[in-house]
Each structure stands twice: as structure tokens, then as C-alpha cells.
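Both complexes below contain chain A, partnered by chain B and then by chain C.
Up next is the complex of A and B:
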């Protein structure tokens, strides 16, 4: 019951937040250089054609009026239509969402599997060579651009070694995709018993997952290290040593007590990946949300850009909410 | 009750903190010994180095602090010569330490029953269930009515007094031979304070352990302890039997302490004297008390007094008694 009340309260706070985000994005896209009507009409269109187009696109109205019309639509669950594909934007987003979700979920799992243990080791044995290497790696990975890293991987493992398929999409064209159930190709192929699709989708996932995963190892490792360190310097860890607890037990205390903050940083990174994978998706022709919004930006497809930002924001908000719920489980001091 | 055998002997202990602004000499050649079955009260102003001394005994001074010199001989073994792993057998087993600030020293995310059980497990070959039962028994022993339910609680769910009882249970779960209570009742209600004090005394008596009672409260020492040691700037400046001390304190600092109590009545008030301790960053050469001493002599500014044996089991670190031992009578005239 208390949880329901807490959730209700949290969800209510989403509303003003989302309206704010919608407003800001609405204004920002209109500050982009270039006019969508001109772009849609093509280079050789007459002024009359463009004016008529502007009217049908609703761009002739004052901006505040456009905003309230858009907001009204959004509140009814209508994100508008793409000016270029003429399809409802919500449909476009829903089709592309699983591709991105699969990519970022596997990436974050990869980063966690590497970053958290590295951070723990670095905290426990700060002087070991191993921990120095991982700190150095954290520094390196934290300072390079993800798309550049992706391109390098493509160059080495596809262009040069040809170990992985071409960076175009999630499956080879020759492979029949499995029936869509979860939208995660790996899971759907497994469910369908489609081994070709399974192997092929994994091969396609490998490089982009490696790209995003290795990049995000750095912040995850650093945060794990710093929260472990902070806990290990706390009074209760010192007192545990004064009472003669074994190193193993002390480490377990330290890990247990850094868990809430580690989970939080994982949530923050995961929540930001949906929008953050845009360039990597483009490098790998992923056909997910990131690529969709890149196209929309090129086309000045206002509603599509706005729709994407809205979805990405909602995704983050729900991840943060979920993380807060987990935090409460890990920390008995926090009550709903 | 009190045997003749020495249980703990601290010799020429020096503990320094290496700070950016310089070396903070918090403990400076401290000498102290505790006999078996003895309850020693250690009294000193806040900042005189009592906590750091307690931590030095189990060689667990926190960074950037370090024991740089001296011996802590426990039952013939110099603890400062032991490795961490060897020391672990003494910490929490031979020597139990009750710290002030139970809130900070208890792990906030672990049930108190488990915390006590872990300390028991660290030093006994028992299974988890037995350790848990021991924990519940300990909680009962420190005066918790519904010990079973309390064992399941987290520290934040307890009052300050209850949490302090948990600290006592942690220190006593392995029946240590030496109990160090460092300001164990600090910050508690007066009634709770005396309950906790009674509890500690009761347990020490029952277990036949020795104890070091570190406190601000001369009254507690007068009531409970057999011996008293006065601490100033990281040194013991006077030590002797309680009765002799309260009859006639020797060191000018001790006299000042007692005179600061209204009509020499011993109250529960904190010690507050005019002037302040010398900073451990810039201790004067010679006697540490020279800056406040009304009887300061030339020699006090040049030569550090040694611990003088003035009576049976009675020691004082003051030049006035140097003269006395050489030229009996004159010191008392001066002090009169």
C-alpha cells in the first residue's frame, strides 16, 4: 500500500517534468537552421507550393499555438505523423525501440560484468598492477568518443580481419528473422529455435555491444571504486576491524554497503544510453531509435525528433524510478 | 581482586598524524600499565589523545595516523610487532573496545544480531545458527527485553542508548580479558549514561576482566575505578590509586581539574578549563603543560620531566616533584 502511494507520487512528478522537456525540445528543434517545408518540397518548388505546405504542416501558426496543439495531441497519446514517412511517429518508435533496447541492455550487462569486478579489485588492492592497469584503462576509455571506438572496431574486426559481419543492421538479409515476441532478436531466435538467426544476430551484436560496453566500463569501474573506497574509510568498517573481523568479512561489508550507490550509477548510465547510443547505432546501421532520430534531425522532421526525446526521457524516468525502488530494498534506512 | 600481574603495558608510545600542514604529534611517549582485574580510569580534556591512544593499543590508528614508536605489551607480547593477521586474534577477542558514537560505528545495513554474530564467528569455530543464538544471548545480557526481535533490527531503528548497548555486546561477545570503553556513554541521557556505566561495571566484574575506562567524567572514575590516569597532550601526567588521587592530586594540571569542580564536588559536568591544550602540531619543548601551569619554572621550558615515582604505585610527570624527590618538602610548600 505504501509502495502504491509512493509510486503514485513519483509518477505525478513525471508530468511537469515531461511537459518541461516537451517545451524545451519543441523550442530547440525550431531553432535548428533550415526550414522543413522547403526541405520537404525539394529544391525546385515554387514559393506558393512551399507556403501551402507550411500551412498543411501547421507551421504558419504562431509558435505558442503550435505548441498547445502539439501538447494536446501528446496528452491524447498522439505524437503526430512524420512529414517524411507519413506514418504515425509512435508506430515508428515502437517498431524501432526493441532494437535499441536489446543493444543497450546487452551493452550495460557487459559493462557491469567487467566494470564492477574491476572497481572492486581496484578498491581492495589499490597497489596491485592489475588495479593500476584498470585505472589506466578507465582513464583511456573515459576520454575517447564512442563512435570513433566503434569505427576502429569495424575497421579491425570487419574490414581487416573479417571476423564479424558487415556493420549493417541486426541480421544478414539472407537470414529469416524469428517471429517477434520480445523484440530482442537473441531471445526471439532462441524461443523459435532458429539457430541461424541466433548466431547471426549475436555476430551482429558483438561489435556494437563491445563498443558501448567497453566505453561504459570506465564510469562504472570508477564509481564502483570510489563508492567502495568511501565505505572502506567509514567508521563502521574501521570498527569492524577493531573487533577482529576477517578481511573477507570486512570486504563483504564494504561491498554490501556500496551496493546502493553502485546500483544508482548503473541506472543512471542505462537510463541515458537510449539517447546516448545514437552515434554508435549510426555507425552500425542498427535501425533503432538512434538511427531514426539521426534521420529525423537531417530532415528537420520536428515531431519525430520531439517524439524520440519524449520516449527517451520517459525511459530514463522509469529506469530511475526502478533504481530508487531497488535502492530501498538494499538500504533499510530508506522508507517509502 | 586486583592481581599483581601486569596485563597491558604501554611503553613510550608515539602516534603521529602526517598532515599537509605538518606532523601532528597526538601521542607523545605515553606510559601506562594495567594490572589484571584492575579498572583504570583515564581522564583528559577533549583532544588530549584518548581515542587515538585506544586505537593505538590495537594498532588501528586511521590514516594519516601511524604509531611511530613504542611498545604495547599485552601478556608479554608486543602487539605493535604483530602482522595484521596475527593482531586479528587479539582484536575483539582478547581486547574488546567500546567506542562512542554507536551510530557511526555500527554497520547501518546489517541487522545488529548479525553484526554481533559476525564478531563471534570471527573468533570461534561455530556455525551461523550458534553465532546468532550467542548474539541474542548477548543482547539479553546487555539488558534488552525483547532480544529476539531486537536482533532483527537495524541500528537506525534503535535509540542511542540501545545502539550503545549493541556496541557493548559487540565488545564483550568474546569475553575479552581487557575491555576498553572509550567515552562509551558520550551523548546519552544522564539516566541512560548511568545504566550503561553500571552495565559495563557489572559485566567487567562478572567476567573478571580488566578495564580501561576513558571518560570526561571524574565522578565516574571516583565511583568505579581503582586507578586513575590523567592525560594531557598525548601523555599520562599523573597516575595512581583513585583514593590517593582524590585525597591529594599531585600534578598542577590535576589540581586544576579538581579545583574546576565547584567546591571540589565531583559532578557529571564536563571538564572545561581556561586556556587550551597546546596544538599537537607545535608542542613546546620541555613540559607539555608549561603554557597553562601557574608554577612554571625555567627547567619546564627546556627539559621534559620524566615519570617520577612519588609513592606506592603513584607516578607524576612534573619537575616540581623532581625537586621533591631530591629536596623533600619544597614542592608541597610551593603548591600550598
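Up next is the complex of A and C:
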């Protein structure tokens, strides 16, 4: 019951937050240099034509009026229409959101699978060679650019060794995609029993997942290491050791107490990857949200930019809510 | 703890499945899932998908290429073989396309066009003179964009309701006040293509009377390909049009996938692996690397692009021709051709492309000479030099390199330039609004192969795309004369004099390069046919496996 009350309260706080974000983004996109009507009209439209386009795009109205019209539409679930794809923003986002979500979810799982165990081992055996290699890798992965790493993986594993498929998106051009149910190609292929599409989509996921995953191992590993180290040096762990508890049990206590910090960093990374994977999406021609919003920014497609930010904000808010709920599971002292 | 270990193990297991799947992938994709014949599918990689498919608004290079393959014009140039390996337009004659025949009256003022009968559009409607009338009398003037502001000018149309006449179901005429020597070449241009008005009208709405939303993402043409899927930022798919009127030039390929691959190095990798059949917009370095690679062929043709440094001539110091000349003498031409283009471009020497009729390169004599440049600056009253800006388009890699070379070279004559790099969209916003200050690097091509067309676009005043505001009364007079006579000799003499003025006496630009048109394709793809809009006609291509 307390959780339900807490959830209700948290969800209520989303409303002013979202209105604030909508307002800030609405104003900021209009401060971008360049006029969308001129961009849309092409190189040979002048004066009257551009003015007529501005009118049809609603840009001739005072900015406050434009804002309230937009807010009214958003409240009715209408995010507007893209000036460049000529489709409702919601439709565009629904097509592209699962592509990015599938990519970043698998990437973060990969990072957890590598980063957390590495961090634990480095914390438990700080002087071992393994620990030093892990720390070195943490520095290396933290200092390289993801798009460069992606290009290198493409060069080695596609161009040179031809082990992985071409970086042209989520499926080979000659493979028929399964019917969209969830938008996750792996799941949809499984549901459709389309094994070729399944294997092909998994194959296409490999290099971008490796790129994002290996890069994001660094902060996860470092956070696990520092958090575990701190806990391992705490009084209650020393007490547990003095009492003669087994190493396994001691480590379990330490890990449980380190998890809140690890979960926090995971939440931050996962939330930021929604738009932050743009360069990797570009390298692999992924066709996800990152690429969509980049194109929208280039084209000054206001509704598309606003729609993306709104979705990204909602996504981040839910991630942070989820992180807070996980806190409660790991740390019973936290009461809501 | 056990649960956590179990979770981690499960994750590792999942990853193992992924990686195993990947490694086997290239061998396990069976043909049962391939719903298109790869042999008859052309995979065409581009840096960006077309910015739209309506030629009134959308004219990125990829949009022009898509439109050239979806729409036909009334007339066309026949293709001829060139030593470069390309099929290139033969500008010496114009032939019929959607028009079965046409006549230009003796006084050169009336062009009568008889359309072919029985030509079907992609939507299945028959081509009639109503399509032409809709496009010009209604849509062009209704939209007030490309057709009205660019093409109508070339056709000398200013009052279409009076000047255009539907004679019968398949015949229309165009009558203008003075002879129009470029009426026929204009009718070959992509921006005079014909569309299916019945289809367009079916998608008109009260708020969008000219069906711009529909035509931005669909086609309504009579060309060899129809668009079947348009996903901006990802890919555009085209299917060969089975009822294409020109049976002789019907496409060998059944399907074309125009795939956006933003990274040029990835386009190269896809081509080398055979995943893609063509890689467009590659850097000179990549093209050089690809030469001699097995399975790949690089095609190069001088094309019709001219790259130059333009000036805002409405303000000092660039209103003074001596300053423009001085900078032309301080430009490191050899370095640009060798270190930026690696020998894959030609020196630009005229306002008319070197492949076009009417061209002469005899007036360009600007070999780098700092002493001469300093002397000219002194004569212009700028012996201490000056500071200015050089705006470049971030979308063209070579412009950054050229800008750096120019900055360092101009320092030798005391001219300090600040390089301002703009994103392509912002660059064009500034350009079309005539907001460029100082100097700017620009490249463009005249789509009509006539000596006067370049002057019309860039040197006559006023002109919408005379972005630097160049004004020379003699050029204006000479150009006007060329537009009002059919006398070829007189026109050629005027073109020659115009080139003497805009190159030598009162230079309009610093003539940098003719970058040319280059494309890398799989070796088994034959017959690339190049059009003046920097497009390849996919219906002329075929795959010939040994």
C-alpha cells in the first residue's frame, strides 16, 4: 500500500517536470539558427512562398500561442507531424524507439555481465595481475570514442575477417522483417518462427552491442570497484571476517551493500544511451531514435525534436523511478 | 548471491548465443528467406536518403537522382559512349522522350509538343496534355517554388495561362515574346519533368491543394522506376515499372535499394564485400584506394560541377575587381588539385563547364603569383591587406582542406581569413537568403547544356542564384542577346566575350576546380549513364556476370 502511495506521488511529480521540459525544449529549438520554412521550401522558393509555408506550419503565430497549441495537442496524445517525413511524430517514434531500445538494452546487459564481475574481482584482489588488467582496461575504454571503436570493429570483423554482417541496419537488405509486434526484431522473429530473420537480427546486433557494451563496461566496472572497496573496508565487513564467516558470505554481504551505487550508475547510463547512442547508430545505419533526432536537428524539424525529447524524458523518469524501487529491495532501511 | 551468479551466467549464456549466431551468420542465411533476386537488385549506397521526392522543393543530389529515375521529361539527350566508361549525354542533338514529336516555329517563339499516346503513369493513368497544363498553369504558380522561379525563367514563361495552350488531348504549345534558343534543352531538364495530374489531384486536400505531402514521399511519374518504400534516414526502395513506355530502355534491374550509409568508409567496406553494388560520394582518397581492388571499378567523368570561391560583391573590398583578381593570383591551385583532390579533379577555367558547348578555357591565366597579387592589392588601395571571412559547407570534406590552404596562402599577401564552417542546412539557408558575407566556397552545376545557362544562373543580374551579387552591364547585355536569337554564330561569339569578362577582365569568382563525377561500383555492373543533375540512370545499368 505504501509503495502504491509512493508510486502515485512520484507519478504526480512527473506532470510539472514534463511540462517544464516541454516548455524549455519548445523555446530552445526555436533559438536554433536557421528557419525551418526556408529549409523546407528548397533553394528556389522566396518571400511569399516561405511566408505561406510559415503560416501553414503555424510559425507565424506568437511563440506563446504556438506553445499552448502544442501543449494542448500533446495532452490529447498528438505530438504533431514531422515536416520532413510527413508522418505523425508518434508513428515515427514508435517505429524507431524499439530499434534503439533493443540495442541499448542488450548493450547494458553486456556491460553488466562484464563490468560487475571485473569490478568485484578487482576489489577483492586488488594486487593481482587480473585486477591491474581490469583497471587498465577501465582507463582504456573510458578514453576512446564509441564511433571510432565501432568503425574499428567494422574494419576488423566485417571488412577484414567477414565474420559479421555489413553495418547496414538491423537486417540484411534481402531478409524480410517479421511482422512488427514488439518492435524488437529478436522477439518478433521468435514469435513469428522466422529463424533466418532471428539469426540475422542477432548477427546485426553483435557489433553495435559490442561497441556500446565494451565502452560502457568502464564506468560500471569502476563504480563496482570503488563501491565494493569501500564496503570491504567497512566495520561490518571486518566484523563479519572476525566472526569467521566464509569469504563467499562476506562477499555476498559486500556486494549487496554495493549494489545501490551500481544500480544508480546503470540507470544513468541506460537513460543517457537513448539519445547518446547516436554516433554508433550512424556507424551501423541502425535507423533508431538517435539517427532520427539528428536528422530532425539538421532539418529544424521542431515537432520531431520536441517529440524525441519528451519520449526521452519519460523514459529517463521511469528508469530513475525503477532505480529507486530497486534501492528499496537492496536496502531495507529505505522507507517510502 | 546465488541468484546474482545465476543472472550473470544467464547473461553470459545469452551473449554466447549472440556471438555464436554472428560468427555463423554469413554462412547460414539461406536463400529461402530472400524474397528478392539479389542479382536483379541494385544496392545503391548514399550518404543520405533524398530530402524528399517533390522536385518543387527537394533538390539534394540524392533527391535529383531519385526523381531522374522516377520521372521523364518531354525531351532528352541521347547517350553516347565516353572513354571514361560512362554513357554521357550527346549535347549535339535533342531527342523525343515523353513527346513523340515537337516543332519549334521558324521565329523560335512557339514550341508545339505532341505527347506519345498510351503512356501510363505509375498510378496507371494515361499521359495527356492536361498533365502539362496542371503542372505549369496550376501547380507551379500555386506553389511559387522551383518550377516558377527556376524552370519557367528558362522557358521564358511569365504568364502561363496566356502562353500555354492545350491544342488537343495529347498536344500543347508554349508561345513566348522573343525567340527562345534554349526551349528544347530546357525541356530535357529534370525540373521540367511531367507528372500524373490525376494521381496528384486525388491526394489534394483543402489544406494541401497541390498534394505536396503525398508527392514528397511518393512518386507520380512515368519514368522507369516507381517508389515503393520511403523511409527517410534509412532507405528508399524502387521497383522497375513494368508498363514503362520506353521498352528499349526498360530496366534490367527489378529493384533498387537506395540505402543511407552516412560513413563513407562504410560505403567502401560494403562495396568491397559485395553487399552494395555502388558507393557514391566517396573522398578522393577512398576512390584512389579502390582503384585496382578486385571486383570493383571506379568511374570518373569531368561532369559539369564547378567549384569556386564566391564573393559578396555588394560590399567592399570585393566590389573591386582588382581585389578579386589579387586573390585569384594568391590561390594555390596546384596544391588544391594535388593534395586535396589527389589528381582526381580538373582546374576550373570558366563559368561554363569544360564538357559543355560554348566553353573556352583560353581566358584563365591565374597561375599562383604573390608579387602580382600584392601589386593588384596595392592598386586597389589595400596594400596592407584586410581581414575577411570564408564560409564553407561542413558537408563537403574537401572544402575544409581547401579553406586551410587558402588561409595560409592569402597570408602571403596580408589577407587574413577567418574560416566559418556551417552545417549544410544552415549553409544553404544563408545562401538562398543572400546572407553570405565575405567569401564562400560553393559548387554547383548548370543542368542545361547551353553556354548561356551558366550566365543566366550565376552572372546575370538580378538572378536568384547569383549569390554574390555580381553585376556587369556588358555581361547582362550580351546574355540578353543570346536569349533572343537563334543565330548560333552570334550566340557563340557572345559566350566567348562573356567568358573573357567573367574570367579575365572582371572576374566573378576564384575558379577552383571541376571536381568531376566519380562513382565506385562492382565490376559486374555495366553501362553507367550519367545525367546532368549528377544522377545515374538505373534503367541503363545491368549486371553481367562472367
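Worth a mention:
Simple rule for what comes next: the second predicted complex is superposed on the first by the 336 of 336 C-alpha atoms of A that agree within 3 Å, B and C clash if a C-alpha of one lies under 4 Å from a C-alpha of the other, contacts with A are read in each partner's own complex, and residues count from 1 in each chain.
Everything below uses one rule, namely that a contact is a pair of C-beta atoms (placed from the backbone, for glycine too) under 8 Å apart; a residue touches a chain by one contact, two chains touch by 3 or more.
Because the structure is a prediction, the values reported are computed rather than measured.
Aligning the two structures on chain A places chain B and chain C side by side, free of any clash. In the superposed pair of complexes, A:239 makes contact with chain B only, with no contact to chain C. Using C-alpha centres, the superposed arrangement gives chain A a vertex angle toward chain B and chain C of 150 degrees, stated as a multiple of 10. In the superposition on chain A, A:68 makes contact with neither chain B nor chain C. When the two complexes are overlaid on their common chain A, residue A:140 makes contact with neither chain B nor chain C.
Looking at the superposition, the partner that touches the larger set of chain A residues, chain B or chain C, turns out to be C.
Using the contact criterion defined above for the overlaid structures, shared-chain residue A:295 touches chain C, although it does not reach chain B.
In the superposed pair of complexes, A:148 makes contact with neither chain B nor chain C.
Of the two partner chains, chain C is the only one that A:86 touches; chain B does not reach it. For the three-chain overlay built from the shared chain A, the minimum Cα spacing from chain B to chain C equals 13 Å. In the superposition on chain A, none of the residues of chain A is touched both by chain B in one structure and by chain C in the other. By the touch criterion given at the top, residues 1, 4, 8, 11-12, 14-15, 17-19, 21-26, 28-30, 32-36, 38, 41, 43, 51-52, 56-59, 143-146, 149-150, 207, 213, 216-217, 231-235, 257, 259-263, 265-266, 269-270, 272-273, 275-276, 423-426, 428-429, 431-433, 464-465 of chain C touch chain A in their complex. For chain B in complex with chain A, the touching residues are 55, 58, 60, 62-63, 88-93, 96-97, 99, 101, 104-110, 118-119, 121-123, 154, 156, 170-171. Interface residues of chain A facing chain B in the complex, by the touch rule stated above, are 233-236, 238-246, 249, 253, 256-257, 330-333. If you check the complex, the residues on chain A that touch chain C are 33-35, 38-46, 48-49, 52, 56, 84-86, 106, 109-110, 112-113, 116-117, 151, 154-155, 158-159, 162-169, 172-176, 194, 196-197, 199-200, 202-203, 205-207, 209, 248, 251-252, 255, 282-283, 285, 287, 291-292, 295, 298-300.
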